[in-house]
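Chain naming follows the written order as A, B, C and D, and within any one chain the residues start at number 1.
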Amino acid sequence: MADEIIERFEVRYLQAVDESGNADPILIASVSDEEIKRSFESIILTRTFNQRALSLQREGRIGTYASVFGQEASQVGSALALEKDDWVFPSFRETGVFLTMGYPIWQMFRYWAGDERGMKIPPGLNILPMSVPVGTQIPHAAGAAWAMKIKGRRAAAVCYFGDGGSSRGDFHEGLNMAGVFNLPAVFICQNNQWAISVPRRSQSAAKTIAQRAFSYGFDGVQVDGNDAVGVYVATKAALEKAKNKGGPTLIECFTYRLDDHTTSDDASRYRSKEEVEEWKGREPLIRLRLLMRKMGLWTGEYEKAAIEKARALVDRAIEEEEAYPPPKPEDIILYTNAELTPRQFKELKEFGWRK
Amino acid sequence: MAKINMVAAINQALAQEMERDGDVVVMGEDVGKDGGVFRVTEGLLDRFGPERVMDTPLSELALVGCGVGMAAYGLKPVVEIQFMAFAYEAIEQIYSHATRLRARSRGRFTCPLVVRTPYGIGIKGPELHSESSEALFCHMPGIKVVVPSTPYNAKGLLISAIRDAGPVVFLEPARLYRSIKSEVPEGPFTVPLGRAEVFQEGKSITVIAWGTMLHRAVEASEGFDCEIIDLMTLKPFDEETVLNSVKKTGRAVIVHEATRYCGLGAELAAFLAEEAIMHLKGPVKRVASPDAVVPMAALEDYYVPTAGRIRKAFEEAMKY
Amino acid sequence: MADEIIERFEVRYLQAVDESGNADPILIASVSDEEIKRSFESIILTRTFNQRALSLQREGRIGTYASVFGQEASQVGSALALEKDDWVFPSFRETGVFLTMGYPIWQMFRYWAGDERGMKIPPGLNILPMSVPVGTQIPHAAGAAWAMKIKGRRAAAVCYFGDGGSSRGDFHEGLNMAGVFNLPAVFICQNNQWAISVPRRSQSAAKTIAQRAFSYGFDGVQVDGNDAVGVYVATKAALEKAKNKGGPTLIECFTYRLDDHTTSDDASRYRSKEEVEEWKGREPLIRLRLLMRKMGLWTGEYEKAAIEKARALVDRAIEEEEAYPPPKPEDIILYTNAELTPRQFKELKEFGWRK
Amino acid sequence: MAKINMVAAINQALAQEMERDGDVVVMGEDVGKDGGVFRVTEGLLDRFGPERVMDTPLSELALVGCGVGMAAYGLKPVVEIQFMAFAYEAIEQIYSHATRLRARSRGRFTCPLVVRTPYGIGIKGPELHSESSEALFCHMPGIKVVVPSTPYNAKGLLISAIRDAGPVVFLEPARLYRSIKSEVPEGPFTVPLGRAEVFQEGKSITVIAWGTMLHRAVEASEGFDCEIIDLMTLKPFDEETVLNSVKKTGRAVIVHEATRYCGLGAELAAFLAEEAIMHLKGPVKRVASPDAVVPMAALEDYYVPTAGRIRKAFEEAMKY
């Protein structure tokens, strides 16, 4: 007979740089000045893109857009840890990841203008088109990681999703597969505390999302998602582990969505101004600036130059994007299958899209 | 009578049925505080409280699965799926359970569940926000599939759906939510399930359509003498109304947003090929979307039937 | 900055009676002699049914059958804790639960003979038809528990599933709902260590299934599933908690499937005789017999009488079942909807099932 | 040439394609050590090892979802779903991802994934072991749906499916697994997708069928002069072969196991109502299952078309 404890778990929380810009000497030790500067500049670029996308949407020049304001550290910090052969499986709110990976900016705008060509990923860039059905990309990442293992590649698959996404069956089944087959996968949950109007506490009764990793027999860690350095360090460690046959990791980036869910949403219907204001005070650029100032890496001119550069890039991209010819109706049919079906053949003619 | 739009009409139907029957509950993502992303459930939380209007986690499988359990226990859940494509995760719960509970238990348990979801093109949203996969549900025995085309029948059909003894998939054409108004009685009333309606009388061509395409067919019919049938209930459809009209006109054109292959248009045309072939003067025409993935916003207007494509079908039908 | 532990979990293991029949005095304190005898007798009944079902299948008198040999303590022990208003959501391997609840035995045979009328649950008995698609009944239980809460009933929903079932999206989404809404639900996983040929360790990399409860913010406990008393105590506690607004519990019954998966399976293809033999030595009746002997509740005559009684019941049920008229083809159509569709109306005539 | 059954033929196809192409992997529940519940994958684990033949957890959604990720990365996964009904949880992964990956990425990523599953009645198994819901998949653009009817074409079609550039749903009629044998070449060969076959020539009635029902139609055709077409690829079906035959016979009967409403028979009949109406002497007949939940074993033989029901349709067709 017995009434005993047979297993124990602990949830770890990581923050490399606090809100005042103080760094944990151990955690930051492996991070170079260059990397910190790249984080800062990538956040600036992301934010610049984001602001322009919001205005273009208001002007009717692109469609519904999902802002990443507030979450840039989670996206940029993690994306900077990627290596060339890693594959990324994003949700629809990963602008910072795309841009940090060097995705053509004009294509990002094209995508949000409702054009599939915006997600015709250039060769050499290993990121899948954004997944709109929440959480459904999670098993894809597990599958790609599995393929890497089977093919003996030294690489990892990285999957991004939100707190809402962690409630889906795809999360459970995907992470469980990753655990069973010890796959080189990193699951990054941006817990921005809201799934449209549903607050994090109503998404699950569990205290953290990180602890869900225990269900699958691997590690989970919660990171301050507004701390680009912390996210970078955690992601890098998880990627290393994955590539050394250490299996998957679940990283919960604890962050906040500062804007409306998308441009179709009005967040004032369901959350208070005060809450938003409080989190604005914690947005990721502030602390990176403070850190960099302490490290002697930041000056007003430096930031100004970074902003100018980002603006120029984004401006040029918008020009490119808007000069791009509109998609052809026949593409609807042409890209569905490798070869046309008899019906498609007829339809191209019927609709006047082919002679 | 007040002229209201479809959002208001559906909202009335929900509120009035909740008022009338304490077992009716509403659940879904963002249906409470936010009032639904289309504001269809606006005000319900304040009026009926969080025990009957439930904002849930992002879990479509469980939304429907829990709905099945609630219905078996005696509630009448109305589940909102935020967009039609997100019901796909719940197809097993619908197909293996909701539709079969009565048969599997030989009537001991039933599943009076309504799954509401906006569908079709119209809002130029992101990918997978413009699905019209009604045929998948129509193929399932043990379920009804309903599409309103006006605020009036949206209210009356939804009330019937909530009162129905079995599961109903209730598809709300997103494009029609706010684009048309009609006179709608303030109090509760029903429009029967399983009955189509002759929306416009005519002598030369029977046109069968529903939802958004009904209005487009009407628009395209100018200059033709079309009898336009609003199907309303897609499963089981009203064979009598369809057949009577085709017997009269001798010509049939079916218009739907969904892709053609194995769409509901196929069932309608097959029905006519079996039951009305001796009355048909020429081929049964289907105007539908191509055998292709639903495109994103920039191309969606090319995907679904245009008035031009519909007119062309009318012209061809009139050649016989 | 921080690198700290923010949450801790412990997995509890319970065994009220060990393999030698020694009872934990605290755990067994609340269990009456009557309850122990009922467990014993219900296991005998279940086993008698099970043996007869296996023979009937071999003789072609019923179809494929899923044996419960070895798992009776998990089923009987938990079912004995149920109250009249509780609802049960079973998988296809819950004979012991049905019989302990007093389900008509002839109907059980009817069901396995491929007849829906076997699952026409009699009024007053609150158990759903067995669910064949693994795990899919889990959200139903959450839904019924939710309905109980909404309707203000003092009752709980109890769901049974296997170790395989815990890998499904239904498990994750269903348990998460139960956690968020603090529903009166008890989730009982019979971890019989196999999902057909897939061993438990290949089903998940997590050490226990019980620990998955932490993902949903409620308690999980592992119980010796071959210990009817332990299972009873754990289930009773979970039901009490549920009815006192304490929310859901996940109970993992650690047990073993001693027979083939079903009569269509041949377990010798994938597991060793030794393993099976070892677990046969731990089958639930042995230890209950030892316990009861120590308590002065068991004699050879007592057991013999119980077996005779069970045999008589099962024999009579088989007679009843086999005398029952076969189902009518028209029932295929009649039970699908509340009212006939126009097509169904025609079909009844076309097929010659109605004039 | 050896005469083998369908299980052996499919096993050969898998083994030979795995031999030929190191990117082909097999995964599913019980496909490894157990060799699959129908023994279709027997011996593959021993031959190709656990990195290419994977026994997985009980997770159909992830089986297909991981398959999509593997395919995108460059493998050619062959996923086994143990029975057709258990694919329902994975419908979202098939419909929202597998079928759309090429279109969504404008060709950058593709999804050469095969989802194999036994289907239809025949084994008198428990509930949900007798589904024939092929129409759901046929309605999805961007996928092929294939059903073999003999060991020979099972092998040839599966090899084609594995080599195909896109996703294929490959449905194996459980009743035919071991009930018929045919001569099958030992080495790899292909039967092209998208092509039907005239299984039996005739002049009076065109009969369209596939899988189990093909053989039942042949059985029922005694005494009639039927031209029986084995459709083999259900999506996209071979319009030419069907049309040519109906032009010749002037009569069409479609036989399938699935429920009639919105089944694939509807698409075939609708196609004929549009393209062949001027050649048809009488109604296009569908012999299908009723608008009812698939029953358990005791009644399943009454559910699917019987030879008697098929003969009745032939008789009615011959009245015109």
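Everything that follows uses one rule, which is that a residue touches a chain if its C-beta (ideal position, glycine included) is under 8 Å from a C-beta of that chain, and two chains touch if they have at least 3 such contacts.
Note that the structure is predicted; figures quoted are calculated from it, not measured.
Number of steps on the shortest path from chain A to chain C, with steps defined by chain touch: 1. Among the other chains, A has the CA centre that is most remote from the centre of chain D. Between the CA-based centres of chain A and chain B the separation comes to 36 Å, rounded to the whole angstrom. Centre-to-centre separation between chain B and chain C, using Cα means, comes to 39 Å.
Contact of a single residue of chain B with at least two other chains is seen at positions 56-57, 59, 61, 85, 88-89, 92, 96, 103-104, 127-128, 141-142, 236, 261, 290-293, 295.
Shared interface positions of chain C, defined as residues touching 2 or more other chains, are 116, 133, 136, 167-170, 173, 176, 180, 202-204, 331, 335-336, 341, 343. If each chain is drawn as a node and touching chains are joined, the picture has every node linked to every other.
The residues of chain D lying in touch with chain C in their complex are 29-30, 32-35, 37, 55-61, 85-86, 88-89, 124-129, 260-261, 290-293, 295-300, 302-303, 309.
Across the complex, chain B is touched by residues 63-64, 92, 113-116, 132-136, 164-165, 167-170, 195-198, 202-204, 264-265, 269-270, 326-327, 329, 331-333, 335-336, 341, 343-344, 347, 351 of chain A. If you check the complex, the residues on chain A that touch chain C are 1-18, 22-24, 26-27, 167-173, 176, 179-180, 182, 202-208, 211-212, 214-218, 222, 224, 247. Taken together, the chain D residues at the contact with chain A in this complex read 25, 51-52, 54, 56-57, 59, 61-62, 64-75, 77, 89, 92-93, 96-97, 101-110, 141-142, 164-166, 194, 236, 238-240.
Listing the residues of chain D that touch chain B in their complex gives 61, 85, 88-89, 91-92, 95-96, 99-100, 103-104, 127-128, 133, 135-136, 138-139, 141-142, 235-236, 258-259, 261-270, 272-275, 277-278, 280, 282-286, 290-293, 295.
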